[in-house]
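Just passing along the structure, written as structure tokens.
In order of appearance the chains are A, B, C, D, E and F, and numbering begins at 1 in each one.
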Amino acid sequence: DFLRALEEVHPLFGVSEEDLDRCVEGGIFHFSSHIERILKNGHDFIEQVRSGDTPLLSVLLHGPTGSGKTALAARIAMDSEFPFIRLVRPVDMVGMNEIQKIQHLQKAFTDAYKSPLNVLVLDNIELIVDWVPVGPRFSSAVLAAIKGLMTNKPPKGRPLLILATTSERTVMNQLQLVFKAQIAVPNVRTQQELAHIMQESGAFDQEGISRAIGDIENTLESREIGVGVAQVLLSIQTAMQDQDRAGRFAEVMCEAVANAQSV
Amino acid sequence: DFLRALEEVHPLFGVSEEDLDRCVEGGIFHFSSHIERILKNGHDFIEQVRSGDTPLLSVLLHGPTGSGKTALAARIAMDSEFPFIRLVRPVDMVGMNEIQKIQHLQKAFTDAYKSPLNVLVLDNIELIVDWVPVGPRFSSAVLAAIKGLMTNKPPKGRPLLILATTSERTVMNQLQLVFKAQIAVPNVRTQQELAHIMQESGAFDQEGISRAIGDIENTLESREIGVGVAQVLLSIQTAMQDQDRAGRFAEVMCEAVANAQSV
Amino acid sequence: DFLRALEEVHPLFGVSEEDLDRCVEGGIFHFSSHIERILKNGHDFIEQVRSGDTPLLSVLLHGPTGSGKTALAARIAMDSEFPFIRLVRPVDMVGMNEIQKIQHLQKAFTDAYKSPLNVLVLDNIELIVDWVPVGPRFSSAVLAAIKGLMTNKPPKGRPLLILATTSERTVMNQLQLVFKAQIAVPNVRTQQELAHIMQESGAFDQEGISRAIGDIENTLESREIGVGVAQVLLSIQTAMQDQDRAGRFAEVMCEAVANAQSV
Amino acid sequence: DFLRALEEVHPLFGVSEEDLDRCVEGGIFHFSSHIERILKNGHDFIEQVRSGDTPLLSVLLHGPTGSGKTALAARIAMDSEFPFIRLVRPVDMVGMNEIQKIQHLQKAFTDAYKSPLNVLVLDNIELIVDWVPVGPRFSSAVLAAIKGLMTNKPPKGRPLLILATTSERTVMNQLQLVFKAQIAVPNVRTQQELAHIMQESGAFDQEGISRAIGDIENTLESREIGVGVAQVLLSIQTAMQDQDRAGRFAEVMCEAVANAQSV
Amino acid sequence: DFLRALEEVHPLFGVSEEDLDRCVEGGIFHFSSHIERILKNGHDFIEQVRSGDTPLLSVLLHGPTGSGKTALAARIAMDSEFPFIRLVRPVDMVGMNEIQKIQHLQKAFTDAYKSPLNVLVLDNIELIVDWVPVGPRFSSAVLAAIKGLMTNKPPKGRPLLILATTSERTVMNQLQLVFKAQIAVPNVRTQQELAHIMQESGAFDQEGISRAIGDIENTLESREIGVGVAQVLLSIQTAMQDQDRAGRFAEVMCEAVANAQSV
Amino acid sequence: DFLRALEEVHPLFGVSEEDLDRCVEGGIFHFSSHIERILKNGHDFIEQVRSGDTPLLSVLLHGPTGSGKTALAARIAMDSEFPFIRLVRPVDMVGMNEIQKIQHLQKAFTDAYKSPLNVLVLDNIELIVDWVPVGPRFSSAVLAAIKGLMTNKPPKGRPLLILATTSERTVMNQLQLVFKAQIAVPNVRTQQELAHIMQESGAFDQEGISRAIGDIENTLESREIGVGVAQVLLSIQTAMQDQDRAGRFAEVMCEAVANAQSV
């Protein structure tokens, strides 16, 4: 029966809780209404798969570096409480040759084919296919494998949701890696959003927040931020080594903005 | 004698019913007169091969992503009731190297050479040759094998119909992969066609259909649809998770149209 | 003595009659004076080699797809009645790696070096070197082998005629694959030529011929045909599945003309 | 406990003192306020990692050839007195194939995962990935490995600071090799800075310094220097073989400036 | 002593008389003063090497296809009567991989290092390095080997003359394959030269010669010939199969001229 | 002690006197003041390394083909009388694969690390990395090895001078193969320089020298020579086979000048 199957499956190839947990170690700050919308959309896709009408659904979370794609995909996956959740990351395949990578991917999918409800998170999918813009280069064998696996209908009664993340959405189009649905994950864009994060971090008082945001506006001569939430959180940590937290935070953020624009 | 040979052949390498069935799981909706014409043409090619005059005939079904090429090719093949029908898909060759892929293809053809009437469906033939537009890249060894096999006359009395599908017709020309005949499979293009599908799906009442189509026209500021039937059916499934089916369907369809145009 | 040598040679590596026969299965229709001229030239080259003055002669038959190159080369080779005739086709080398292909070619040549009079037919030589215009790609090792073998004088008293076919004559120039003589094989070009073939096929009466040709002229708005004889013969077979043979033939021919022009 | 773990770790894969020492054999001359700032920033990153808030931090030291990147990275690393410090240099991987290089890198990281506080210096990271601008060429496998390893969170309680050096900062962007922070290391730019180094070297008296700098300005018709500190120190050594140290130094420096500009 | 050394060497790796003979099977027709000059220059290089002053001399014979490069190089080599003469041809290396080709070349050179006077003929050196203009492609390993071997001074008292032939002189420059001296081998250019060859062939009487040359001039509307001597001799053989030798010769020559110009 | 170490080292991997000797077989003609300057600079670099201040110094001798780079590098190396001198030439690596080449280079360097004073001559370094301008192509693995080895500080007390030669200085920049110092080796440029060499060769009397130089000026309509000393010496040898030495010398030199300019 369902419960027994679930139990059997779990210990063998179930959720690697720890890995997923670490993806959201920094928490999810609700600094913008986009965050709500993303989690809601993700939840709906989970329900569509759970309903059994759609045996196979692939969704792409795309956005700039550090915008929170991995954390959000992990959150959505964990909130599903599906019996099979697996995270596939480029680092897990370091040192593998093309054949070994393909076998690693095949195993992730065939494991999923054994459980009654499944989520696969393919993190940084452009790196899974070894994409480098210089050349450009990529592994066409791994790409072909992913295309095949991502369009292969699972056995009856084994619906599968694929959540992929990428900071290279146009590359997906160029490589003709097609997803059934897409979710955009934006940067921290406005001063209000930035203030929200600073507040929630607990590292600044109100005055510090105002001063830092003022400094940033003065230095950049713009109200636009345009930096990923991950970089904001790191900047807070760097600033905390300094006496003048707010001042140092403004400095580090300005460098981060400049860097993000120069890339 | 004929019947015995047929029987012998069947169990060994005959129709993989299940795989073919799954290709038309969503059914064939007759939303446009094109569908009729395509099935009729397919039937005629079947008869030409059955007649024995033409020992080898290759036909290309081409059209946009999700327009229904695979479902139609599977339908035509199954309707022939030929003793040997085989489906060759890219996913079956995931993880194979070039030599193994070529052997897989060779086996499909030489199996066909043993039965009195044969259909081979080569699904997504551009992916069978590992085509990627970036580069572009492809497997010239597999391509050469397909060229050789597709022009090789079967033994006397073993006529063979090859049905290939592709969403990359111009790539076929560039690769000089030549077919004796071609069948175009179009997108869902008009509001009438879309309404037909919504109706046939049983998910909407008349009012919902009108409202959704009105919404789509308003959002896109166009009466053109231009989305594959597969995407339409998926959009219906997504919409069914929502209270406001018609409204949600219009939303999802608009995203699908936008996506289809951006690619 | 000569006759004994011939006998010895024959069973080991002599004419593969069946393969050659199948190349002219559709017969040779004398629909134009070019056909006569081509066969005459071929015959003269046979005689030049038979005379012993020219120990090595390479001739290229070039022309559009389906224009009849292979059938004519096979006809010329078989009419020579030389003790050693061999056909080398791309499909015979499917699945071979470069080294195996080269050995296959070497064997064909060294076999020829043992018989007193020899013809080698290298069919679709651009595919033997794995030419693909995308890239372009080709096997430089196989190309180098062919260059070496095609210019290597046979042992004394073992004259050799090489008949190569290609639909890619300019590629031969680009690859610096040099032939001592060349024969052009044209398409079916005029209405008269087309009528001749329809007549000889026995599938149409005079009225049907006139009507079909009239239909074609009306549809294409041109008197030019420009399709290979092979495609014409296939179109006749397709038309024969239909009640209205002449009408259907006109339709299929128009598609064929359009296809030929779009490539 | 902490100290014991430290002791255990040290002998196995601890600081290779000698290698690091040799990187700063020429000492660190404080010829400009930039040097102070660089060492201060480096120290702050060390503290951020030591604090435990930031389990993984990657910093890029970038600047022209011979500007002192390696010496400064080694200085920062040694000043941390972390129990695990390792230097990874291109020369250590000469003769390794891609797999061996990746294993070498993996070992450096997994060794780091065992010690409570860690610094890895990746020297000339563009050469570690075998970057050559002609082509351009690089090892995408090694690059992928570095990307994976550099973003892989160490086990809890094993924070890691990665200090990478490069003279090809824009290449890092092109290869999408992303660092959390960056430190610029400039050339010797002004006459004052050059005078400072000449003075500190002890090889010139005041008159010699003035004369040499005058000569250089006259020859180059500019007050700009624009040469790395390493080249300045080498030029002093070359000049010391000559009777007229100051004169010879000016000559060699002018060649160095010309060379640096021509590249 | 000299004679004994010569005897010892000869049987092991001496002149392959037969191969060289076959290169001049068609004889050397003195149809132009260039032929004299080429043979004289070749003779002088032989003497320079024989004198012992120049231990290593590399000479390139370059000219259009069929202009007689190989025949002339073979003639010069055979006329030297050096104890070691070796012909290295692309066909001898068909089916070898790069390493085997390099070993084949190394053996030719090291064999030469054992004999007191040596000539190596490297025929069609652009094909020895597998040059194909499409790409372009070539074997850089074989090229490197030839560069090394061609500039390597033989042991004292083992002078070596290298005669290389090519129809791709500019390719030699592009590949930086450097020769110490060069000899140009021209086509048959004028009507007088052509008449000379027709005469010497013994296949035409005076009237036939005049008529053929007149025909050619009329057809081509030019007095320029521009075809290699090899093609002229082959055209004579083709013409000899015909009743009207002169007329047929003119025809075949005109095709040859057209072909030569189209390449 | 020093002397014993020297003795031990010498027999194992010391100076290969013969190879170095052969590089200067033609002697060093002091036809221009540049020659003096080059030898002086080379001597100074030797002293700088001998002094022990500079443990590692890499110097590039660059100039046109045949300008005398190898002879001068060999001269400088031999004049040092260092206990370890080694010549690394492309021809020594013919037939080696990349790994073997890298091991060959590594051995040269590690051998040097054992002796108290060392010179390595890397002859034609662009060919050691298999550079070919067509493509361009080169061995990035060998290049990476050389970069690593050339910047690797030898063990204390084992100073090393690297003398590299190349006719492709700009290629060194493109490949980012960096040298600490550079020496330009020019062609024979003026009539005076040419006359000096003719004189010193002992092959011409004063009248012959004047006549030849006059002839050259008349033919080329220029006083510029622009040919390497190696080609001049070879031209003298060719001329010596002729009765009219001066006249023939002028002829051959003119061809050499033309060739040098056409490349």
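The rule is simple: contacts are C-beta pairs under 8 Å (C-beta built on N, C-alpha and C of every residue); 3 or more make two chains touch, one makes a residue touch a chain.
All values derive from a computational prediction rather than experimental measurement.
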item	value
Minimal step count in the chain contact network, subunit C to subunit D	3
Labels of chains that are neighbours to subunit A and to subunit C	B
Centroid-based (C-alpha) most distant chain relative to subunit C	D
Cα-superposition angle relating the copies subunit D and subunit A, to nearest 5°	60
Equivalent interface positions on subunit E and subunit F, same or different at half	different
Taking each chain's C-alpha mean as its centre, the one farthest from subunit E	A
Length of the line joining the C-alpha centres of subunit A and subunit B, rounded to whole Å	33
Length of the line joining the C-alpha centres of subunit A and subunit F, rounded to whole Å	58
Two or more partner chains touched - positions in subunit C	none
Successive chains around the closed ring, taking subunit A as origin and subunit D next	A, D, F, E, C, B
Residue ranges of subunit C in contact with subunit E within the complex	44-45, 47-48, 51, 53-54, 57, 99, 102-103, 106, 136, 138, 140-141, 143-145, 147-149, 151-153, 173-176, 178, 180-182
In the complex, subunit A residues that touch subunit D	22, 25, 65, 89-91, 93-95, 97, 127, 130, 132-135, 137, 231, 234, 237-238, 240-242, 255, 259, 262-263
